[in-house]
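Both complexes below contain subunit A, partnered by subunit B and then by subunit C.
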Partner chain A sequence: MRIIWQEMKKIFNPVMLLILVLINMLMYYIFIGFDISVFPNGRPATDHYHIGIEMVEKYGHELDEKEFKDFKEVLQQEIKKADEYIQSDKEFAELGITTYEEYREMKNEVVRDPVFSQLDSKIVFDIGVDLFWEIPAREDIIEDFEFVKERYGYGYIEQPTEDQERRIQEVVNTGAVNSIFPAYPVEDNFHSISKNITITILVSVLFMISPIFIRDYKNNMIGLQYTSKAGRSLFKKKVAAGALSAFLITTILLVVYYSIYATNDIGMFLASGINSFMGTVYWYDFTFLQLIILTIGLTYVLTLSLSLVAIYVSSICKNYIAIIGFQLPIFVLVCVLIFNRSLLSEAFLIYSSQLKVAVLYCVIIISPIIMLIWKKRREKNQDILFE
Partner chain B sequence: MRVLLYEIRKAFHSPIILGLLGVFIAFNFFLIYENSFIKDDLRKVNQFADKYGTEINDEMLDKMKQDYEAQMKKVNEKTNEVLSKTYESMDEFYSDQSFYPADHFNEKELLLFNEIALLEYYYFTSLHLEESFQNIDPIAIAELEIKQYGISGQAAELIRSQYGKFTERYQEVLENKEYKHLFPSQRVFETHLLLFKKMFKAILIESLILTVLVTAYIINFEFDKGTYLIAYSSKRGRGLWGDKLRAALIINVLLFTFILVLGLIAYFSVFSYKEFWHVPISSFFNAGKEWFMSWWNLSFIEYLTSCILLAYVLTILFTMMTAILARYVRNSYLVFFIFLCLFGVIFANQGIIPRSNIAFLLGYFTPVNLVLNSFVWFMHRAVTFTPYFEVITVGVWFVILLLGILFCARSFRKCDLK
Partner chain C sequence: MLTVNSVSKDFGNFPVLQDIQLEFSNGVYGLLAPNGAGKTTLIKMLTTLLFPTKGEILYEGQTIFSMGERYRDLIGYLPQNFGYYKNYNPNQYLQYLAALKGISKQAANEKIPQLLKLVALEDAIKKKMGKFSGGMIQRVGIAQAMLNDPKILILDEPTAGLDPKERVRFRNLLSDLARDRIVILSTHIVSDVESIANEIIMIKDKRVLYKDSIQSICQQLDGKVYEIEMDFDQVKAFRKNFLSLSERQDNGRMNIRFIAEENIRPEWKRVKPTLEDVFLYQYQDKEVEQKV
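Moving on to the complex of A and B:
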């Protein structure tokens, strides 16, 4: 235990910690900060978000027929308000528009009246009257709910396989689809931020763990270590120290980044099911909170597995450049897979094959373990002079 | 000389550097392979250029028109036979939803249709080229860019004061008919983005990684291996540092040449540019979603050459940057990560400068910005308001880094080795 503690002290040396903080600040600024400071991003997203909050507060986490009627009622009231707004506005009067219905007709015309277009963009974009954003957003939600049997889930897959078809039917029939969860800003935001958080943590962990063996090799410690009482079992202890440190760094960074994420104010949706008529279909019936916890779990799996690879690479390489060069392609590959929607929360969406995800994670978990076991066996008979 | 040679040999004896080189080259080939589906159509565009000449004028349009009409006649004969319908244009044919072309025509006919559609696109676009070019308002585009980047105040004023040059160059292109040339169409093939954004950026970043690794490796070699006390007390002594720097420069240039030449050879053997080497890069066919107009009248080959030259200079700049870091940080692992941080800091520096400040615009004048925006080099752009943007950036950084290197070389003579 004492040896593990001493090894960890070597990993967390002050210079490395300083650079770690710098790396994290930069990566936060370049990759993560945007999803925090600009949430919800832009106009229809903000409206969908606010309507989602309103619905959850009013109806709970599921929408039934009665509540749906009430929701439609609210839309009618909004339209009435819009009518009043239009009637009280001089510029609309000049164009002869007296109701929201007329406004909508003018808007849908193929060749628009230029004066109307100008007024429209002034109301919608320059002044940003809430009503003119919220009514279309509400109409979208109502449409999604009404056509759930026909359209739900097919938006992303043109030709569903039998399994996909069955899963979509299941979600619709069990009523899981009635869940209230504004996927458009909330879920997308989570997907984007969770990917960037994972990559930031990966960089941090790899940076800290990689020199674990090579540092001793460079300082000519190997001969001393092998002939000491702990001897070759030191390998096991160093691996344990490395894994423990990786776990520690991951935990600390996860706590930091997810508490920053919590400032996005998505608490009210945590208990909502993710297979919502407002969003997409997943293979499993999770709530949003479960999805977040699962993603955090996967982040742990990825960082621990890659840190074990880093430990292995560190034990076989003879110089610092080699560790970087060796791990760079692996790291890039993992990043590509993450952005390919194959590794994190997006891997459970209906259009990604679950077999592929399972195989990927098997490889990710098993390969570093095999490498390390192999290395440990060799370590036992290693010639001390020719390392 | 012999010392230099031995220093250079070190890099090529390192399996990891050669391995990375192999991976990078393979990746570049993969990029080309991934986009190779446009190669047949590009060959056809070359045939058009061969047949009609690349310059668009009345005579050439006449020839195109005759061919196009003759071809359309053939199509109509076929469609009349099979579907008993005739069409005005291929566009109309393809937008007819009442049947699937693949159900009624064999593969050869479909290929022919495809070719005629391409000819039609080129003919119609050439026909309206003058009109569409005259419809461009360079000032409006610049204003939009200012708005997009949220630039205001003094900075915006500085950009606006350069509008005279913008319009002057636009008028010049308008008058000398640089824009009236056939070129692989950006709207259809996006070849400019493929070559100068995807490929060039990939090559630059790959060479950047190798540059940092090699420079850190070579310069810190003696400290890494624990041989520094012997090496620096030999007759060559501290002068070895200069040898190492020269060796790193030579290796980096060699490695970059290797990646670049192999990448470009592969690129141009897959995508044919046979007829287009001397077509001005400002051709309006080269304008897609983004509008590319170079500050000077450069033909494609001239433009490519200047981009390659600039890329070489960037490689040298980054070598110098790493060398300065490696002078003070003797652990090559830390050098690599500190360099990455430095890269990030230079990239992100603009975030803390208010967008009304001229310093915000000066924040664009960095090699990092050049690496990340390889596709707009030498192009007309509002935020990089001067035609000499690339030259100034590279020049200023070179001078600064050279001073830094000289200082490092001097200070290394007397520094403590421990």
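Moving on to the complex of A and C:
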């Protein structure tokens, strides 16, 4: 244990820690910060978000038929308010528009009256009258709920397989689909930020762990280490120290970044099911909180796996360039897999093959273990050459 | 008792050592051979870094590889090019190695100041090793080899980088440490071992040439080492016929120490052969050898 602790002290050397902080600040400003500072990212995202909050407060995490009627009632009241707004506005009067219904018709014309377009853009974008944003948002939500049987879940799949078909029917029939969860923007925001957090943590862990063996090699420590009592068993201890350090770095950064994420005020949706009529279908009935926890778990799996690979690479390379040469392609591959929705929360969406996800994670978990066992066995009966 | 039993070592198809037979009991052994003779290779086998290609190494009758950490616990080793972390001070460095050597924290806390005092580094205990001179690093290296109070102390060119004053200090230090243990000291500098080694081991052409006391080794040159004074212009011609061991100027003339095995002339001054003479004689360039 003392050896592991000593090895960890070498990993967490002050200069490396300082650079780690700088890397994280940089990564935060480039990747993560955006999803914090601009959430819920403009309109109508903001309106969907606020309506979502209003719905959870009024109806809880599920919408039943009675509550749906009430929700439609609220829409009617808003339309009334919009009518009043239009009637009190001189410019609408000049165009001969007296109700929201008439406004909507004008808006839907293929060839719009240029004067109307100007007025519309003034009301909607320049002044940003809430009603003119909220009404369409509410209408979208109502439409999604009404047509759940017809089109829910098919948005992204052209030719659903039998399994996909069955899963969609299941979500609809069990009523899981009634969950109130403004996937746009809450879920989208989570997918985006969780990916960036994971990549930032991967970079941090790889940066800290990669020198683990080569630091000793470059500093000519091998001769002393392998002739000490610990001898060739030091390999195991260093692997343990590396894995433990990776776990520690991951935990600290997860706490930091998810605390920052918490400022996005999504707390009221944590208990909502993710298979909502307002969003997409997943293969599993998770709540939003469960999805977050699962994503955090997967982040641990990825960082631990990649750090074990980094430990292996560090133990076979003789210089830093070689380490980068090995690690960079692996890291890029993982990033590609994360961004093409194969590894994190999006991997459980209906259009993602669960077999593929399972195979990927098997490879991710097993390959570093094989590498390290192979290296350990080889070292046991081999000359230690270091000069 | 440490026994090297018919050990050979090849690197690939390249033999470095052949059929080495050695026995060590308490005392100081000087492993004396020129660069590239295989000193470090032998030492790396004694410290379990390298496996012999043939033969075995035994400690008290057991092969050192089967003893594993029990054997490594007995050795203290100063590698020829040993390393350190620039941002560590000697205390941190020795604490790290103490952990690797399985020395308890408490024992290490006691031992480290003692050892640093022994190598006269107690004032530098808080100084980063990146700022140390070569001699200071070497002394920390000696301290680290002594951490576990080893029964077998193996030092690979320990005096490299030490100035003459430090060399003398080191020799005195080593004589103190040499009681009750096997000390193996490799060097290609004769004076390093001349005064302290109980036995000298010389390696030549991959094999052990001598393993004997300095006195016995020198005996073979008894009556063959001479000194003579001559003018500068005669030196060149003289070198063609004899193996010159050392030459120095003296009052405008050259004083030459050389080896002659026959046709001894009465004007030559016979001198007592030294280890240095044997070393130079044994490792002379091939072309000169033929002249003798």
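In this text, the second predicted complex is superposed on the first by the 384 of 387 C-alpha atoms of A that agree within 3 Å, B and C clash if a C-alpha of one lies under 4 Å from a C-alpha of the other, contacts with A are read in each partner's own complex, and residues count from 1 in each chain.
The rule is simple: a residue touches a chain if its C-beta (ideal position, glycine included) is under 8 Å from a C-beta of that chain, and two chains touch if they have at least 3 such contacts.
Computed from a prediction, not measured in an experiment: that's the story for all the values here.
Legend: residue contacts after superposition of the two complexes on their common chain; A:F207 is shown touching subunit B, with no touch to subunit C. After overlaying the two complexes on the shared chain, residue contacts for A:E65 are found with neither subunit B nor subunit C.
When the two structures are aligned on the shared chain, A:L328 is found in touch with subunit B, with no touch to subunit C.
The larger set of touched subunit A residues comes from C, when the choice is between subunit B and subunit C.
In the superposition on chain A, contact of A:E57 is made with neither subunit B nor subunit C.
By the touch criterion defined above, A:L22 reaches subunit B but does not reach subunit C. By the document's definition of touching, of the two partners only subunit B reaches A:N319; subunit C does not.
Contact with subunit C, but none with subunit B, is seen for A:L234 once the two complexes are overlaid on the shared chain. Of the two partner chains placed by the overlay, neither subunit B nor subunit C lies in contact with A:D126. When the two complexes are superposed on chain A, the residues of subunit A that touch both subunit B and subunit C are 15, 220. Residues 14-17, 19-20, 23, 209, 213, 216-217, 224, 226, 331-334, 336-338, 340-341, 344-345, 347-348, 351 of subunit B touch subunit A in their complex.
Across the interface of their complex, subunit A is touched by residues 44, 47-51, 68-69, 72-73, 75, 77, 79-87, 95-97, 99-102, 105, 144, 148 of subunit C.
Against subunit B, in their complex, subunit A makes its touches with residues 15, 19, 22-23, 26-27, 29-30, 207, 210-211, 218, 220, 317, 319-326, 328-329. Interface residues of subunit A facing subunit C in the complex, by the touch rule stated above, are 2-3, 5-6, 10, 13-15, 215-216, 219-231, 233-234, 381-384, 387.
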